[in-house]
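Labels run A, B and C following the written order; every chain starts at residue 1.
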Amino acid sequence: MEKAKKRRFGIIASIVLALVIVLGFFWASATISKNGKHQDTLTRVEKQGKINWGVKADTKLFGLMNTKTGTPEGFDIDLAKAVTKQIGKQTGKKLTPTFTPVTSASKVQLLKNTNIDAVMAVMTITPERAKVVDFSNAYFPAGQSLLVQKDSGINSVNDLNDSSKTVLVVVGTTAAQNIKKFAPKAKVIALQDYASAMQALKAGQGQAISTDNAILYGLATENPSYHVVGGTLTYGPYGAAFDHDEKPMVKQTNEALATLKKNGEYNRLIKKWFSGVPGLNWHELEVHG
Amino acid sequence: MSGFFDAFTGANLGYLMGGLGITIGVSVISIILSLIFGSIVGVVLFERFPFFSSFVGTLNNIVRNLPLLLIIFFTYFALPQFGFHLPIFWSTVVAMSVFQSAMLAEIVRGGLEAVDVGQFEGARANGLTNMQTMIHIVLPQAYKKMIPPIISQMISLVKDTSLASGIVLAELTYRGQIVYAQNTNFIVPVLIFMTVVYFLLNYGLSLVAKWFDSRLA
Amino acid sequence: MTLLEDHFSVFAQGFGHTLLASIIALIGSLVLGTFFAILQVTKSKWARGLGNVYVQIFRNIPLLIITLFFYLAVAKVIKMTGFTAGTVALTLYTSAFIAESVRAGILSVDPGQMEGARANGLSFAQAMRVIVLPQAFRVAIPSLGNQFINLVKNSSILAFVGGLDLMYQGNLVAANTFDTFATYIIVGAFYLIITLPLSYYIQYLERQLKQKA
C-alpha cells in the first residue's frame, strides 16, 4: 500500500474504533441504568418455567456437591425443590428448579445481574443486605459460633481476642464482619469458601473458624478432633433472597414456606439432614403449630 | 499410605475426569478464538498504520498487563451489568480469549517482523495484492517461526484455566477442591493427582513444541 | 470514585502487599532461576538432568496448585501464612521461566569465551560469574522483564489463600459494597501502575537491542 493510502486507512480506522468505544461506553451506561430498573422475577420465572437457585456446593448439610451425580445435595437444595413445587401449585404454572453453585462473595452480584433468580445458600438476613436484596421470611434459625481443635484450650471468643490468634472466615459472610466486634485484637483472614477454610484450619493457618453454627456442625461431623464452642455470638436466621423490590416473588415464597411448615414437609427435611449430627439437638429446629 | 488411594473412588475419579474435560474444552475453544483475534491484532500492529496501530497497541498493552484473574472476575461479575448474560463456561472462554489474543498479538507481530522484507516485495512484484501477500506468503512463514512461543502460550492457557475455579467453573481444580471438601485427608492425594494430570497435559504440549523446533531448524 | 476514597487504605494496603510479594519473589526467582540455568549448561549429566526436571515440573503445573500445596499441605509441617505460601509458590514457579531465559542467554554467548577463560586459569564458577553471565543477562533482559511483568500479574494468586494482596482486598471490597464494576476497574488501575511502565520500558529496550544488532 502506498503511504497516502495507508495513512488514510489509519485515520479512518482510528476514528471508527474511537467511535465504537465511545458509543459502546454510552450504550453500556444506558444499559446499566436500564438494568437498574425493575424486572419482575415472578414474571420471568413463570415465563421460563423454572427457578434458577443459587446454592452452595461446598457446605455440608446445606449444599454439598455429590461427585457421583454432579449435583449439589443438602437441606437448602431440598427446601428449594419443595418451594419451587409449591409455588408452581400456587400459580398454576409448572415450575422446575435448577441449581447454580455460588460462593458467599458472588451470590448477591449474580442475583443483581439476574444470572440466577433466587438464592437459597445459607444466607443470613441482615439490615445491610436487605437494602440491596429482598428476603423471604426466615427458613432456618442460625447463629454465629466457633469451630476449634478439641485440645486447643479455646472455649470462647474471649480466648481468641489476642494478636497472636488468627480467626478464619469466608469472604462475603456476615461472620467476617461480626468477628471484628467480638475479638477486635485477633487477626482475621478471609478465604474463598468453607472447604478452603476447613483445610486452612487443619493446616494451622488459624486457631478457629467463625461462621454459622449449623455449618460448623457440618464441618465437625467429618473432623471429629474439632468441636463447636463459645455458644451463639449473634442470632442470624437464613432467608431466601431475591433481587430488590420483588414483592410478588417474596409473597409466593413466604406462602410456600408457610405451607411446607404446616404440612410437615419442612420437619421431614429437618429430620433428614440434621438428625444424625452429633452435638446438635435437631428437635429444637423443628417447627410446631 | 493405604489411605492414599481412598480419595480415588470411581465416582470421584469420574468427577475429576469430567473436570479435565471442561479444562480441555475451555482451552481448545479459547486457543482457536485467540489465534484468530491475536493474528488480526498482530497484523495491525505490524503494519504500522498511522494512529490506528498505536491506538490498538495501547489497548493491547492495557489488556496484556492486567492479571488474568482480574479479567476473569470482571467478565463474570461486571459484564452482566451491561446485559451480557454469559453462562460461566462461556464467560471464562471470553476472558481467556481476550487475554490470550493480546499475548498472541505481540508474538504474531514479532514473527512478522522476523520475515525477510524481500518476500513482500517479491510477492507484490508477482502481482499479488497486499492482503494476498499477507495471507499466502508472509503469515505461513511467520507462523512457522512462532510455533514454539505460541505453544508455550497455550501451555500457560491450560494452566490458567485453573483460575476459573475462583468463579466456580467446574473445571479440574475446582472439582479437586470439591473432592477434598468431602474428607480433608484427601487433600494431599488430590493435589498430587492434579499436579500429575496438568503436568502430563502440558509436558505433552511442550514435546510437540520441541518436535516442531527440531524439524524447522 | 467515592469508592476509591472510602476504601483507599484497603487498596493501598493491598498494593503494598502485591509490591512486597513481587519484589521478594523477583529476587528469589532470579537467584534460583540462574542457579538452575547454570546446572543445565554444566558438563555433568546428573546436574543437567536435575535442572531440566526442575524447570519442566514448575513450568507445566498451574501456579494455583503449587500455592494450594504450600498453603494447605506444606504448612502442616512448616508454619506459614497465606502471604508466605503464595510468595514461595510464586518464586518457585517464576524461577523455572527465568531459568529458561537465562539459559538461552548463556547459550547465546560464544562458547570460545568460556574456553578462553578456562585456559587462562579461571575456574568454571569464576568464568561463569565474570565472563559469561554478564553477557547472558544483557541478552536476556527483555525476556526477564516480561517474566517480571508476569510475576506481578500472577501475584494475584495470593487472593486464593488470604494473602492480603490487591486482588484479595478487591474481592473483599466488591463483596461488601456490591459495586463490582468500579472495584475491579480500580484494582486494574493499581496493577497497571506497576506493569504498564515496565512493559513500555521493555519494548524500548528491545528496540535498542535490535538497532545494535
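One rule holds for everything that comes next: a contact is a pair of C-beta atoms (placed from the backbone, for glycine too) under 8 Å apart; a residue touches a chain by one contact, two chains touch by 3 or more.
Here is each chain with its UniProt name: A = Amino acid ABC transporter periplasmic protein; B = Amino acid ABC transporter permease; C = Glutamine ABC transporter permease.
This structure is a prediction, so every number in the text was calculated from the model and none was measured.
Visitor: Is the structure still one piece when chain C is ignored, or which groups does it split into?
Guide: one piece
Visitor: Looking at mean CA positions, which chain is nearest the middle of everything shown?
Guide: B
Visitor: Which chain maximises the distance between its CA centroid and that of chain B?
Guide: Chain centre farthest from chain B's centre: A.
Visitor: List the centre-to-centre spacing of chain A and chain C in whole Å, with centres computed as mean CA coordinates.
Guide: 36
Visitor: Express in whole angstrom the distance between the two chain centres, defined as the mean CA positions of chain A and chain B.
Guide: So the centroids are 32 Å from each other.
Visitor: Counting only Cα atoms for the centres, state how far chain B is from chain C in Å.
Guide: 20
Visitor: Pull out every residue in chain C that's touching 2 or more other chains.
Guide: 72-73, 160, 171, 174, 180
Visitor: Among the residues of chain B, pick out those that touch two or more other chains and give their numbers.
Guide: 77, 81, 166, 187
Visitor: Chain A: which residues touch two or more other chains?
Guide: Counting only residues that touch two or more other chains, chain A contributes 109, 112, 192, 196, 199, 202.
Visitor: Taking the complex as given, what residues does chain B use to touch chain C?
Guide: The contact residues of chain B facing chain C are 61-62, 64-70, 73-74, 77-78, 81, 155, 159-160, 162-163, 165-166, 173, 187-188, 191, 194-195, 198-199, 201-203, 206.
Visitor: Could you please specify the touching residues of chain A with respect to chain C in the complex?
Guide: 104-105, 108-109, 112, 132, 168, 171-172, 177, 189-192, 196, 199-200, 202-205
Visitor: Residue numbers of chain C touching chain B in their complex, please.
Guide: My answer: residues 56-57, 59-65, 68-69, 72-73, 149, 153-157, 159-160, 167, 170-171, 174, 180-181, 184, 187-188, 191-192, 195-196, 198-200.
Visitor: Which part of chain B faces chain A closely enough to touch in the complex?
Guide: 11-12, 14-15, 18, 47, 49-53, 55-56, 76-77, 80-83, 85, 130, 166-168, 170, 175, 177-184, 187
Visitor: Can you list the residues on chain A that touch chain B in the complex?
Guide: Listed in rising order, the residues of chain A that touch chain B are 1, 6-7, 9-11, 13-14, 17-18, 28, 31-32, 34-35, 57-58, 64-65, 67-68, 70, 101-103, 106, 109-110, 112-115, 192-196, 198-199, 202, 222-223.
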